[in-house]
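This is the structure I want to talk about, given as structure tokens.
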Amino acid sequence: MEFTVKQIATLLGGEVAGNDTLAITKLAKIEEGRPGDISFLSNLKYEPHLYTTQASAVIVDRSFQPRKPVEAALIFVENSYSAFTRLLEEYHQRMSFARVGVEQPAFAGDGAQFGEQVYRGAFSYVGRNCRIGHNVKIYPHAYIGDNVRIGDNTIIHTGARILDNCIIGQYCVIHPNAVIGSEGFGFAPQPDGTYKTIPQLGNVILEDFVNVGSNTTIDCATMGSTIIRQGVKLDNLIQIGHNVEIGKNTVIAAQTGISGSTKIGENCTIAGQVGFAGHLTIANGTKVGAQSGVGKNVYEEGTALNSSPAFGLKESMRSLAVFRRLPDLERRLTYLEKKTEK
Amino acid sequence: MEFTVKQIATLLGGEVAGNDTLAITKLAKIEEGRPGDISFLSNLKYEPHLYTTQASAVIVDRSFQPRKPVEAALIFVENSYSAFTRLLEEYHQRMSFARVGVEQPAFAGDGAQFGEQVYRGAFSYVGRNCRIGHNVKIYPHAYIGDNVRIGDNTIIHTGARILDNCIIGQYCVIHPNAVIGSEGFGFAPQPDGTYKTIPQLGNVILEDFVNVGSNTTIDCATMGSTIIRQGVKLDNLIQIGHNVEIGKNTVIAAQTGISGSTKIGENCTIAGQVGFAGHLTIANGTKVGAQSGVGKNVYEEGTALNSSPAFGLKESMRSLAVFRRLPDLERRLTYLEKKTEK
Amino acid sequence: MEFTVKQIATLLGGEVAGNDTLAITKLAKIEEGRPGDISFLSNLKYEPHLYTTQASAVIVDRSFQPRKPVEAALIFVENSYSAFTRLLEEYHQRMSFARVGVEQPAFAGDGAQFGEQVYRGAFSYVGRNCRIGHNVKIYPHAYIGDNVRIGDNTIIHTGARILDNCIIGQYCVIHPNAVIGSEGFGFAPQPDGTYKTIPQLGNVILEDFVNVGSNTTIDCATMGSTIIRQGVKLDNLIQIGHNVEIGKNTVIAAQTGISGSTKIGENCTIAGQVGFAGHLTIANGTKVGAQSGVGKNVYEEGTALNSSPAFGLKESMRSLAVFRRLPDLERRLTYLEKKTEK
């Protein structure tokens, strides 16, 4: 994507000093700027870089006065930091939705319907009777099974797998190689020691504004739906078992696993590599520290947990502190025993 | 897939009261039933739903007598619960094996042989000299390398990767994006601090009735075979190192990792996020709790382990209980020290 | 790949006794050898297998004299063990780079440039303006976004995803379904409890000789680059957050996760299922035990850490030893309390 310095200044409502016809293709930190890049100067600690940067343009505060000659074009705005942030978002948005049309070969099953401004990458697969909304971007090698519905403005990245009957909301982002709706892990032990597969016939529902990280897996429900509520953000390599429900605006970091039928509340913050046992109910606003193992229900909102098995964060910090002193504790006890023997 | 109420009644050996020509496409819980769904009523606690459900048909016990008028068609059978379970299995079976034929474009290398009733999805890849059994389903974007053998009735889901020379048994299910037979992690340290790759030339053998979860990885052996025995069930995001062997009917939950050359016995139950060190031998029937770290051989059958590093389950539960009281323990010790000083 | 016994003898500078026209297609252990295999005998403990093996050829030391008739052709060399190792490496090398040319259909965007001896598998995707070096192997279903550069002799396995603007060095191996350059996990909390996506516009740089395991994910930087230095070896199912930097020749085992902006030093050894918090600096030569959780900077080179939260390896081993005796410790303390009461 390419803009001129002038176009960017107009977008940001700023004035240009210098060459406003230069082409800008990328955003960069001021100390790493190269020709074609635009950067910004907010914290004056970085001012020396302004006089040496190779960036083609730099956004600065309207109040700023350079003390030396500057090679880059300057764009003067009210607040350079928020202007740059706005530019980042605008750039990201345009990049994410830039692709439109169908690259061949792409597969669409009978009865599949597509909205306007859709992108279907080469080797993408859309099954029978799917309904794909407006401005949906289906990247190369993405797989969408039969009877799937996808809301407007959702991005399905390369290699993501959305299996039969799943429902994906609007403004979702499904990252590469994520798997949504594969069969849950259900096996009934038989008298002869073998296991019989318990059929998994449900689906997965993602509400709007959900983010699913790369290589994350979300199993379909045995019957009914595994549900990921509006605004949930899932990092990479997470496992979500069958019939799980995750409440609105809950954020979960990488490599965490949630066993079948557990219900996580709203606005929870779950760190990385955490494990949840199955069939739990976790209250709204629960916070869980990295590598914790949650084996019990959490009834009180805003509870902070830590450790494996998990208990109160503060209590666990105290126990962990003593844990480090355990050899010393044992020595003191032995000494006392000897002393009292006499 | 679509059946009439009558067809289902015949399959289950039941009698219909109501409209037996209705089309059924899905199974649902009675409280969630919608037109086109079939449900069941076994526990009479749920009877009130029978009079309000939108399901098109409900399976009930022969002894059951409705107390009010029912909109849905009723199918009377000996045992409604087991009839519904049978229907679930039948439906699941038919859905899993429904697809037959080749969707274009699909790739098959020279010398690849296919049995009858095979499905090859669009963009699926089958390498040179593969032998694919009867009724095998190879979904879109699945990759099968050269010289691979796959037994009858096995399902290879979308994006699964089966690398050169691997052998897959009958009735296996390989879930989306699983990787079977990629190179193991073997690097020999060199005097200059770099690492030299140790060639990994073996393969992976899956016996019959093996389940491999989504995004699970099973590395090939350095030489010889990594072996997953009959009836083993692996959940999602599991890592199996090179030259590992897993005994018959062992079940492993999500995100567990098994390091190279470890041998797990038969009928073991391994929970989620467990780690095994390399070159271990684990006895038959071993049970390992979630997030445990197993670093030693297990000689006795039926051993239950827990914690990281893992030791006996009961002992670990006792230690973990005291762990929570550690700050109190320290206080008591300090008090005693002061007391005996006097 | 097929060689005659004579060709292999010539490669190894050895002399043949027996039929030197036999075709060899595979390497095997002497006890597992079958027709078409070549094996070796170094440790004389295995000599009995020489007289019963079905392998077509066996490499032996020049000094070795068989005591019974041998069916297999013998190749006499100076050191049978190192000759076999060399053969392994040669075979592995040739297998890895055997494929050349384009299998149809394969996609290449406008402006994509390819070196000589490149392989592009069926259904592989190479985006716009990519520069792909000589002898690069792009397996089926691999995805390479726009503006990606890949150095000579690098292998991109099936289903690997390399997103826009990433730079991959020479002699790298990217294993199946690895994801490089997907968006990092950055969300800014809003006053209403929702989260706003922080645009991730940077890339990932892999220097030369880097190994990325199956289903491993490496997020792009928010701005700038996530950097994996020369010779780094990453196992399967690892998570590398945005803006992370990993120093030269560091080795990381499966299922470990590294949070955003952490810098790992050179020549570190990180075991499996380890977690690192974000924004840390870890000294060169640090060693971290399996399942540890590193939450603090490591300043001293060669530090060995263990446990979660991690502290010194030796200290942690001592604390863990006492942990197992905690119930006993508590009993001893209680006894002492009672004793001193009197």
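Chains here go by letter, A, B and C, matching the order in which they are written, and residues are numbered from 1 within each.
As a convention for this text, a residue touches a chain if its C-beta (ideal position, glycine included) is under 8 Å from a C-beta of that chain, and two chains touch if they have at least 3 such contacts.
All values derive from a computational prediction rather than experimental measurement.
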Chain contact graph, described as a line, ring, star, complete graph or other shape: complete
Type of chain B:chain C copy interface by residue overlap (half), same or different: different
Chain B and chain C, separation of their C-alpha mean positions in angstrom: 26
Numbers and ranges of chain C residues touching at least 2 other chains: 105, 123, 141, 159, 177, 215, 237, 255, 273, 291, 308, 323, 325-326, 329, 333, 336, 340
Residue ranges of chain A touching chain B (in the complex, touch as defined): 105, 107, 123, 125, 141, 143, 145, 159, 161, 163-164, 177, 179, 182-183, 185, 187, 193-195, 197, 199-201, 215, 217, 219, 223-224, 237, 239, 241, 255, 257, 259, 273, 275, 277, 291, 293, 295, 308-309, 311, 315, 318-319, 321-323, 325-326, 329, 332-333, 336, 339-340
Partner chain A, residues of chain B touching it in the complex: 26-29, 32, 88-89, 91-92, 95, 103, 105, 121-123, 139-141, 157-159, 173, 175-177, 209, 211, 213-215, 231, 233, 235-237, 248-249, 251, 253-255, 266-267, 272-273, 290-291, 308, 320, 323-327, 329-330, 333, 336-337, 340
